[in-house]
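Next, two complexes with chain A in common: one pairs it with chain B, the other with chain C.
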Partner chain A sequence: MTTLDTAQAHFVSRFADCESRLADASPDWLAPIRRAAIERFAELGFPTRRNEAWKYTSVAEIANASLDPEPPVRDGVSPDDIRALLGSEASQQWFVFEDGRFAPELSSDEALPTGVEIEGLAAALRKQPELIRPLLDRADLLDRPFAALNGAFQRDGAFVRVTAGASPQRPIQLLFIASPGASGRVANQRNIIRIDRGAKAAILLRFESCCEDVYWTNSMTQILLEDNAELDLVSVQSESDAAYHFSSLDIRQERDSRFRSHQISLGGALARSEIYARLDAPGVDCTLNGLFLGDGRQHLDSQTTVDHASPNGTSRELYKGILGGHSRGVFNGSVLVRPDAQKTNAQQFNPNLLISDDAQINTKPTLEISADDVKCSHGSTVGRLDEDALFYLRARGVDERAARRMLTVAFASEIAKAIPQDSLRTQVERLVTAKLERGQFAIETARRSPEDPL
Partner chain B sequence: MSDGVPMLEIKGLRARAGGAEILKGLDLVVGAGEVHAIMGPNGSGKSTLANVLSGRPSVEVTAGSVLYQGRDLLELAPEDRAKEGIFLAFQYPVEIPGVSNAYFMKAALNAARAHRGEEELDGMDFLEFARKKMKLVEFDEALLNRAVNEGFSGGEKKRNEILQMAILEPRLAVLDETDSGLDIDALQVVANGVNALRSPDRSAIVITHYQRLLDYVVPDFVHVLADGRIARSGGRELAHELEKKGYSWLEVAPPVEAAAP
Partner chain C sequence: MTQSSDAMLEKLANRDYQYGFVTDIDADSAPPGLNEDIVRLISSKKNEPSWLLDWRLKALARFMEMLENDVEPTWAKVEYPKINFQDIIYYSAPKQVKKLESLDEVDPQLLETYEKLGISLSEQKRLHGVAVDAVFDSVSVATTFKGELEKQGIIFCSFSEAVTRCPELIQQYLGSVVPVSDNFYAALNSAVFTDGSFAYIPKGVRCPMELSTYFRINAANTGQFERTLLIADEGAYVSYLEGCTAPMRDENQLHAAVVELVALDDAEIKYSTVQNWYPGDKDGVGGIYNFVTKRGACRGKRSKISWTQVETGSAITWKYPSCLLQGDDSVGEFYSVAMTNNLQQADTGTKMIHIGKRTKSTIISKGISAGRSSNAYRGLVRIQPGATGARNYSQCDSLLLGDRCSAHTFPYLEVKNASSTIEHEATTSKIGEDQLFYCRQRGISEEDAISMIVNGFCKQVLRELPMEFAVEAQALLGLSLEGSVG
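Up next, the complex of A and B:
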């Protein structure tokens, strides 16, 4: 048996061990959904690199780590840990999830804005099964192995609903934190976000860690935008350097809804995000922006699919990568325009900046068009810092190190600038700048000149 | 400058760019307080000279020396030259998306101030200082908040160069064909910028293809550069002579290869 087969068998047998415990924790209708998911995972197994979608990302390391997908609850995060992580942002309203489970005792106790419902998914499953069950009972979500694994072991996560016509002033901020005891575990969390008819909201999903060891965050987030709803979703992934992070985002957009994703990938030894946006009704607008910053030996993979299934849809996608050290980036973006999706306007672009000789990027933007009256463009670039711009800055007295940093921050800034909410934009800018100024990035942005003694 | 040390003293300078030797033994002395014009046909080495003075890494000096206020200029990194008071107005100013013009100029000014042991300016103080200079070069303040040169017209880019020069107040300004492509109004702005800096302890080298700018910035000396050397030097009347007769009367061989950008 290969490592991947062993790991697959380990997870399947772990499910058999835990199935009754999981069943006790949830309503009865979830048991067959879990069962279908583990059966599908048993068929799919861990993906190999022969699988086109996994060509550049090996999961052998995760398979080797023999992690526990259904560990006992162990408290570990303290309010002080959270204050230390969030700094000045700690005074804002946060909903905290510890190893994927809702932690009301760590969350802000101020009242929710009008029209906003937030609770742990485990509780919501019991209270609003009619709303949640159809979302969880979707066979199509099981086609990706780690989404299937998530389906089998799901217990908790965030349930967020913004009711019809509501428009909360402040962003809704969710903090997913790996506890100090997360070592050796998988957090299979499931989030459901529902923006009802005509509602408008901004939501932050922020992934942080108090654990320096190996753990795996396996997150699945389902988003539904009803007619004319609008959502800015900002996700910032700052897991620890030893962590594995997988996040799937499944988006369904109904008529005239507007969705903007701003996805920032900073942490993790191996991190992969998969976004599937289905533009299922006419007049839908979808923006997918992303930024991944890799250094050391990080492997950061972004997979996106925009599926235009209805006429008059617009999608814009801009994913930017900055890679230093021996890091590797992968971008695999596909835009599908189905036969009915006439008058589609779709753009996709993935520019990348390599700031060290040993960094790598594999980028593959693809377009598959089956309608004839559409406007589509796509492309990617891979480059280094512009030597002319660098010289221009230096010729004005800016030190080489500062000049390299200025140009790198400038390249990254476009993604943060597109976030409409001031507080979220500021938070993202702070986290991106902190990453660019820490350790290896700072050294590399300084060392590429022969005159420089570093 | 005191003690009669020249602002700039170039001896036997040879330099290569784009795989070819462009400067072939150039000598030039610029005294404190003087404005020198350097003219010459395309490919004669004018821009290469500007690049050597500013420290562009793609130009390789193979022989000769350059002393700036008595110190070896060639051993200094570009940023250190700038902090010591050398300014190059670029022939082709670079567009830098994502870096605001104001942020960039404040960083440049504060680098020089810190180098001189002066206190750095904060945003408010910088803006107040910059506003005076913008008035001098008739610079639209809206451009200060845009990304450096991004989407600027040709004229706006050149004004931006002159604004930076006015803000940095260099000891030695080198203008590399700043006048090319400018209308007469813009030309006057450039000239005002240079003339405002004229003083007994500042110097300028004005590289130009045309005599026109020299009606507004009246040089103390005019040099003709041909095939990598100074072929002829004189007073301002030399510029008029060139204007009338062209470069051919100098009887210098046309350059074989064009200068690399």
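Up next, the complex of A and C:
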């Protein structure tokens, strides 16, 4: 039996142990959904690297860690912890989730903006089953092993709804925090975001940690944009250096809706994000932007799929990677254009910067096109900082470290700049800069072979 | 798309495959099936030394193991019924009693076949200065220009001949680029290959003519397992042409060739292919399965291997001509036009493995899909940690003609050092209405306009072909393309 098999058996048997406890915590209709999910997980198991989607990412380390997917509740985060984490941003309105569970006592008690509903998913399940049940009961979500695992152990998470026509002024900020007691545990959280017809909103998902030990955030977020809805989703992942972070985003877009994702991946020993955006109706606009900054021995993996299933869709994707130290980056972006999705316009670009000779990047942008009247393109580059640009700066008296930092920050800034909401942009810029300044990350001088001229 | 072009598409798509004919010659065939006996039979028919038989048997064992473990590759974006490897005839040779002294002794029917294919040996000999090593099914029947090449010390002969003539070269290089267990089809080929071409260009020699082989598959149910080995010694240069047509068949025919190239210090090999095997009819019946392993090793410093291919035929193409850039400053190139129509499926591309310092590679791939076909580019660029200062540029463009075809791009970029620069870009689109309008407005017919635009689309690749091939390739492209004007 391999480690992966052992881990799979561990999770399956853990489910059998906790099934009744999980059932007590949720409405009856959820039990068969959980059961279907664990059965699917038992079939799929932990993915090996023979699995094309996991070719460049090994989960053996997670399998080895024997983590508990259904641990007893422990409160550990204090308001002080949150203030320390957020600094000046602590005064803003936050909805806090501790190890994946809604923590109203840690959240701001300000009144919600008009047209916005936020609560824990566990509570929303009981109040609005007709809305949530069809979203959770989706067999197609179970084809990815960790989404299936999430389906089996899900308990809580965020439920956000922006009602028809509403347009809250301020961004809705959700803070997912790993408690000091998160060590050895899996947080299987499920978030549901629903933007009703004609509504417009900006939502921040921020993942932080008060735990230096090994833990695993396994997050699944489902987003539904109704006709003509608009959403800016900013997700910033700054888990601790020892953490595993998997997040799945599943996006369904209805007619003429506009979705922009800004995904920043900074933390975690092994972090992987999967985005699946399905453009289900005509005239949909989808933008996926992303930035991953790896250093030390981090492994950061970004997987995106844009599925053009309807005509007249537009998608743009820009994922940038900066890798230093011994870090590994993976980008796998696929664009599907289905036979009827005529007049699709899809672009994808993945430029990467390798700061250190020991860093590696594996990138695979793919196009699968089955309609002819389309404009699709993708590109990917890997390189180091432009020597001409460095020379230009140095010729003007900027020292090499400062010049390198300047160019690296400039390379990264394009992603933050695309965030339309000022407060969110500032927040992202601050976090990105902090990561770039950490250690020798951005200013490390790439080792050169002696015969290789500057 | 306009009504008139739809009609034209219909008309042209129904064009018959020009080269579909069967030559009626008694074939000396072994019974179908794959086992040790058949491998021994092939080996003894070829009078092979025992080390080669052992090598084949090892490959067979490996293949059987793969077959048992069901590792037949399934990752390519192609679909076909499972092949029964026991149904295939692994050996078939045209009846031939003695070694031939001149072309006059060749069965006139064979010669006629070549005439139909447009490769008249005598004509080519006189007019083009091309040495042709024609492969009819599995055995070479005639070779020209040998004397002229021998004067320069160049060895260019059939593979079986090379085994007896220069066994030490074969023993040294066979399987050194594509090992026996490299992949499923390479293992199969290693066990049962019947013949192929061999060329050795000695140190500092620039081969005075383009070396050329025409392959032809004949005899129903015969899989064709070619083995080609080209070695360019230090400072040598050779340009090699490979072209193929095959007769019309209802049953699918498997072709699993292996091509190995070795370039030593400062050597250069240019390998050009025009592939026009029977693609099956418009309902996808018949056609060749072309599962080929082609790989070149730039062993020496400053060596260069350049692959150019125009792929218009075969029901299924599964082919990734690759370069192992081992020597410092070595260069790999891949220029490809892949055209699919009707129900053809192509999954083709390249691998550039950068190992030596300052190695460079260029990939230019043009895919054209029409009808209900599927055309995929699949490529790997890997920069090893030691390949400092490596450079790669890849461009993969797809053109879609018709609304039921598909085009896919699967590039893999694996970069393991920071001093290298890698660029990949790909686009997919159809012929612009405005481009067509521009041409039509100037009195150019729609068909000509499309042919012109597509030729322009492929120009970067076509201009890499040697003169002899460029004309044929353009005509071929026109032919396959005209059937799908959209």
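Convention: the second predicted complex is superposed on the first by the 441 of 454 C-alpha atoms of A that agree within 3 Å, B and C clash if a C-alpha of one lies under 4 Å from a C-alpha of the other, contacts with A are read in each partner's own complex, and residues count from 1 in each chain.
Note that in this section contacts are C-beta pairs under 8 Å (C-beta built on N, C-alpha and C of every residue); 3 or more make two chains touch, one makes a residue touch a chain.
All figures in this text were calculated on a predicted structure; none of them were measured in a lab.
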Practice problem: Determine, for the superposed arrangement built on chain A, whether chain B and chain C clash or fit. | Solution: fit
Practice problem: Please indicate which partner A:R316 is in contact with in the superposed arrangement: first for chain B, second for chain C, both, or neither. | Solution: neither
Quiz item: Touching A:Y392 in the superposition: chain B (first), chain C (second), both, neither?
Solution: first
Exercise. Go through the superposed model and pick first if A:E400 touches only chain B, second if only chain C, both, or neither.
Key: first
Quiz item: Of the two partner chains, chain B (first) and chain C (second), which one does A:E414 touch, if any: first, second, both, or neither?
Solution: first
Quiz item: Between chain B and chain C, which makes contact with more of the residues in chain A?
Solution: C
Self-check item: Smallest distance from any CA atom of chain C to any CA atom of chain B, in Å, after fitting
Solution: 15
Quiz prompt | Set intersection of chain A contacts, chain C complex versus chain B complex | solution = 449, 451
Exercise. Please name which positions on chain A make contact with chain B in the complex.
Key: 386-389, 391-400, 402-403, 406-407, 409-411, 413-414, 449, 451
Practice problem: Using the touch definition up top, name the residues of chain C that touch chain A in the complex. | Solution: 75, 357, 383, 385, 388-389, 398, 400-430, 486
Exercise. Within their complex, state which residues of chain A touch chain C.
Key: 52, 56, 339, 342, 352, 354-384, 446-449, 451-452
Self-check item: chain A contact footprint on chain B (complex, rising order)
Solution: 54-58, 77-79, 81-83, 88, 90, 93-99, 104-105, 107-108, 111-112, 115, 147-148, 164, 168
